[in-house]
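The first chain written gets the first letter, and so on, giving A, B, C and D; residue counts start at 1 in each chain.
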Amino acid sequence: MAETLIKVDLNQPAPSNPLVHNRWHPDIPIAVWVKPGDDFILETYDWTGGYIKNNDSADDVRDIDLTTVHYLSGPVGVQGAEPGDLLVVDLLDIGAKQDSQWGFNGFFSKQNGGGFLTDHFPLAQKSIWDFNGMFTKSRHVPGVEYAGLIHPGLIGCLPDKKMLEEWNKREQALIDTDPTRVPGLANPPFAATAHCGKAQGDVRTKIATEGARTVPPREHGGNCDIKDLSRGSRVFFPVYVDGGGLSVGDLHFSQGDGEITFCGAIEMAGWVHMRVNLIKGGVAKYGIKNPIFKPSPITPNYKDYLIFEGISVDEQGKQHYLDVTVAYRQACLNAIEYLKKFGYSGAQAYSILGTAPVQGHISGVVDVPNACATLWLPTEIFDFDINPTAAGPVKFIDGSIQMPISPDVKK
Amino acid sequence: MAETLIKVDLNQPAPSNPLVHNRWHPDIPIAVWVKPGDDFILETYDWTGGYIKNNDSADDVRDIDLTTVHYLSGPVGVQGAEPGDLLVVDLLDIGAKQDSQWGFNGFFSKQNGGGFLTDHFPLAQKSIWDFNGMFTKSRHVPGVEYAGLIHPGLIGCLPDKKMLEEWNKREQALIDTDPTRVPGLANPPFAATAHCGKAQGDVRTKIATEGARTVPPREHGGNCDIKDLSRGSRVFFPVYVDGGGLSVGDLHFSQGDGEITFCGAIEMAGWVHMRVNLIKGGVAKYGIKNPIFKPSPITPNYKDYLIFEGISVDEQGKQHYLDVTVAYRQACLNAIEYLKKFGYSGAQAYSILGTAPVQGHISGVVDVPNACATLWLPTEIFDFDINPTAAGPVKFIDGSIQMPISPDVKK
Amino acid sequence: MAETLIKVDLNQPAPSNPLVHNRWHPDIPIAVWVKPGDDFILETYDWTGGYIKNNDSADDVRDIDLTTVHYLSGPVGVQGAEPGDLLVVDLLDIGAKQDSQWGFNGFFSKQNGGGFLTDHFPLAQKSIWDFNGMFTKSRHVPGVEYAGLIHPGLIGCLPDKKMLEEWNKREQALIDTDPTRVPGLANPPFAATAHCGKAQGDVRTKIATEGARTVPPREHGGNCDIKDLSRGSRVFFPVYVDGGGLSVGDLHFSQGDGEITFCGAIEMAGWVHMRVNLIKGGVAKYGIKNPIFKPSPITPNYKDYLIFEGISVDEQGKQHYLDVTVAYRQACLNAIEYLKKFGYSGAQAYSILGTAPVQGHISGVVDVPNACATLWLPTEIFDFDINPTAAGPVKFIDGSIQMPISPDVKK
Amino acid sequence: MAETLIKVDLNQPAPSNPLVHNRWHPDIPIAVWVKPGDDFILETYDWTGGYIKNNDSADDVRDIDLTTVHYLSGPVGVQGAEPGDLLVVDLLDIGAKQDSQWGFNGFFSKQNGGGFLTDHFPLAQKSIWDFNGMFTKSRHVPGVEYAGLIHPGLIGCLPDKKMLEEWNKREQALIDTDPTRVPGLANPPFAATAHCGKAQGDVRTKIATEGARTVPPREHGGNCDIKDLSRGSRVFFPVYVDGGGLSVGDLHFSQGDGEITFCGAIEMAGWVHMRVNLIKGGVAKYGIKNPIFKPSPITPNYKDYLIFEGISVDEQGKQHYLDVTVAYRQACLNAIEYLKKFGYSGAQAYSILGTAPVQGHISGVVDVPNACATLWLPTEIFDFDINPTAAGPVKFIDGSIQMPISPDVKK
């Protein structure tokens, strides 16, 4: 049995665990060392370090301090890894912790991060998803059950100094274009809530002050939230510092393309069983900038989809130029309207799109001025038939079950 | 055997065929009438009406007048179809014309439409793809052969007057933000090259003057260039005018998500065998805005992919805000750099991404400020192994074969 | 466009075509020659040479003289092919003839060949299947429509003299164990109805006298009736005579594993587009006895199945020893009983199992004394839901449509 | 978290556990009761109760007393289940025990049960397979690693008295046709090693004396060894006694169709997480004789196969009549010969066919006199390319690793 190199105790606060960190910085001390060819297990907190609870109130989703996230396990040092290598990671298996067979999904308040459809769902809402073996269903979203497409939302190697500076610089430049925007355009370093792993003293201060926030995906991978980077896949990460420094967290039991609900997929605490190897000099050999990966041979293979189109004309009828983000938003809104005809609330439909193994395809990006995006909704996850028929839709969902909502509190 | 209701003669100019048109307008006369339940065949020109030839020069790609496209077969009237209905279209089969077993792919000059990567490939280039049964390969792009994912790039019903006005208005508003941009932000009505089907006299003039160009996808579907709307799929189109007025064209033998090369997929002349039915009042029943569809049970089922990530930081290092278009461009550029390590020219790699059944996924759109997009490259289409290994890539492609290129001509 | 090297005229009797034959013998003259790397098209009769008609009577199924089958197109000689080579055949595409977009399925009378369930369905019955693009449905079997899994039932190279003698010897030995059995245990050479291609005179007489019947699959492949050897697959055939001598026929639009109805799959006249290559000395290099092949990347990818088990205890309760044939028969009978609950006649259910892309798996062959076989019935081919529910089955099929049946005629 | 209703201690002998049994009989006392809708976990021994060890000797495979198997966990009583109901079982997940992440595969000596190819591999051999997350590989069979298709080899409900009598009667009749055959044709009741769960006294004696052996699959399911009845699938079992009495065991990490090695798949101790429901009167409603099931949405989806054909002519050249068992044996032998060309020993190749997710299809069963069976070998499980090429095979396996073998001991 593979050794568990990092353990987390869900009853202890995440910041108390020295093998966990919540910022990216080259000086974060390696938590554990392994050798190429080793396989081992890392336990992880959920991305919020346990802040969101298994209950029927969305208050925690509303009140969370997002400067505290994400709590990552690592960094794992790989002997012999040097800048320019590719770190090959086999995700041999991933699961929820035995004593924590549930996850959460929610929408942040527009005042606290928002989400892809925050203009339509501006308040904090939450749903809890129970895991039954390889499947999940929710007491807040009736009529669906799906097989998990379990994956880490966040995984990658430590940046070097130069890359870190570039991140902070370009993101600050974006913030500077509209510094008071709500939600913010990006998140700058924030020392007060930084957790720097084993680091102490000056090193700790330096990391806390300079460390890049973990929210966005970047060149090293990081918070990509790619649902298909799932258990069973093989990932090739660029190495920037000696030892690589691989960290992982933000495990998802399931997620739709885009992670449109932002808070987030079906978020869980759990463990990752992985094997590491090296391709020496692989970055130059293969011309790699961002990580590349190969999909898993074991994923939910839903095949029957209902596919919704969206184009880059926004909800106000304004024409955007080849904007896939706008187009995908329209496809999402189209799917939500459709699901409402079967009795779902808009919030429930939004949750399904955020958590089920929904595909989001970039279908056309050249036919000026409209981009076209498609949202693929698997029909087999529903307890009833959602296909269009001459008879029209049947309201299988009677509205008796709703998702918890928490209005903003005036400050 | 189903009847061929519209025939096209590839030796005659497309504008001479009264059952063909190249603009969208409610007054375009119905070309042929059918009944719900009927199945029938429509032949089509390639989208350029035969302008691009099966030869080894890209001059035609450089010189084409894009105001002439796309030549569509139709409109087909369906008895009993009324505004608010859903027209259910089964794409029973699609193929190339017997005497035209080839297609083309190319990049437009940046002076004449450009493409998704026009800043990297600013000149006209072309590749010719031969069809061998269900498969295709090119004399200009060695080392690949793939099974066709045959689909119509363009299909949809006639708009009504109100919708047409909205299209023209919003697109003109966009053009007005930068009217001299090259390539243009959008394409306004253009009477000189309008082909209005059977219309004559004043009606013809009205259509030519007001008719929306066929380039962008819009609410009715139109030029969506969705590769998965392939033969075998079932599509539900909103109906806006009596009879529906379904037109189709721009057939593709194969295409990658995004149709990034713009000129275009593997473009071909051919035929569509379809069956039509109605869901009366379906638009309101199901809350439909854009078409929805169900995928085909028969498509190339390549399973092994190499997946490239991209984030919304552009080639100059500038940070964009949750911009999937930028992110997908980076994923495309990453894949091109990778393929070059095996000996492909950048143009050949670009052509493969535009023509093979490549998937483009919207992977993350909420992790401010970076969107994350992924490009899925099927590995099985290559004659050699493109997976990364410790030994590094082997240059299977020796560079002896190149794609035709035609420099811009000073005017 | 590939050249059509062999043409068949459905209005002319098959025996009049010198590029067609219905026996296996090394001396059958090569019909056409090709080179390695060539791709070309061969047209074929249906296996009966057009005896079975598109009508509503099963008399032709009852009355057919089975010594006349199968009419094969070929043999194709490949330059340079020698005994011991592997002939690599890419099935680039296969289709029905333009003027013959239909096929037939039936059960032979027990007096004339029978079938897998002949004790349960002893009389001649027939169903006609119309092709609508890539799909088929029948006026005699309501409630189902499926995508074609088009394949040649019969394909292979000419045997050499030694192999032919072995075939005839071992099959005669089997016949001799029960020479008067009805239906017969095997079919010996039969000169009267032999069609020997271009052969004339003494050679013709020799072929007619000695030529092996085409009914069974043998070492060279032949009448394997493997549904997955479908268009798009690549097959490696052992070569026994100079030139190889590849012949093909017995095209099927669709078939279930086992071809249990015997007459047969959905049988059709059509064409095969193929490409040939050689692996010199491949038989010894790879230790090949029977053909091997790789499946097609384009097949109907139905995923939702209802799976029926059968064990090797027969209908009379008798225990057989690890007999997969008996086990699969039980699985078939179990599936038929199930489908009858939805209103199908037994004959219609039998036809579905014979023609749809049903999988038959050898699930257990070691747990003495019972073999276990499973029949996989794709649920997506039905117009209604056939899954078991607490409410019990609904009779969607009202029995108003039945399959033609023709009682035996006393002779 | 679901409750574990039956626990097994791998350090204690299986016969000491009263919630385990190794015979089928209506009087075996229900071990635990559950309600419809419940989900729960049952732990199980490996089928031999721990007799086979994780070492490098095949002595245990040679010496095992097969009258002791299979050790099943249960029977589970479901409240309200009555004869004639269908018991609906969702296999929510299945895994190996945490402290036992390995499994075994082997061939029995021909003197002690044999296997499908016992005439070719007459001696006891063994291979050990380590589990690494969702994947497995063996120190005795190099060059392969595969994703697990985890399933119970044996699951079913208790028979009633009448069914039990029928089993014993028909199997004894078979034994009587050749009572001294080695290996035996079937296995009659055998009291000495019967383990009857909680039963005591006369009931225990009655069960031990009459109880059917667990080796063969029968009408109730039982030892079907169907690889696709895997975690994630839904099974519908006929109920014969009040409460149903569902028992399960013989867990497999992976297996090929046929379980041709007999000892057996990759055999493991582990746990099953399941949910039960009832369809009242479902046996009559749906005409059910044997269990039916629906496949899992999560299984290894290997797509690229090399397919071997076999016909019903045996190794001695003798012609059999439509015998799928013989045909599949030939397909297996053909695949073994092929793999030997890459350096595998015959035993290693045989082990791969027995343990990998190999498909065995009943391809043709009507073309007298030959049945045709196909064996589908997934190519992606190999570390190297096994496809045939013009260059011929490369010996990737150097023969330095061999499987343990234990010659028979003279008694």
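Quick note on the criterion: a contact is a pair of C-beta atoms (placed from the backbone, for glycine too) under 8 Å apart; a residue touches a chain by one contact, two chains touch by 3 or more.
Here's who's who by UniProt: A, B, C, D = Formamidase.
Bear in mind that the values here come from a model prediction, so they are computed numbers and not experimental data.
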| item | value |
| --- | --- |
| Chains touching both chain C and chain D | A, B |
| Between A-B and A-C, the pair with more C-beta contacts | A-B |
| Distance from the mean Cα position of chain C to that of chain B, given in whole angstrom | 40 |
| Intercentroid distance (Cα basis), chain C paired with chain A, Å | 51 |
| Intercentroid distance (Cα basis), chain B paired with chain A, Å | 32 |
| Sequence positions of chain D contacting 2 or more other chains | 301-302, 304, 380 |
| Chain B to chain C touching residues, read off their complex | 1-2, 39, 91-93, 98-99, 101, 132-135, 147, 231-232, 273, 275, 296-302, 380 |
| Of all residues in chain A, those that touch chain C in their complex | 301-304, 380, 385 |
| Contact footprint of chain B on chain A as seen in their complex | 86, 115-116, 166, 170-171, 173-174, 183-187, 215-219, 221, 223-228, 236, 257-262, 264, 277-282, 285-295, 304-311, 313, 317-325, 328, 330-331, 334, 337-338, 340-341, 359-374, 376, 387-390, 392-393 |
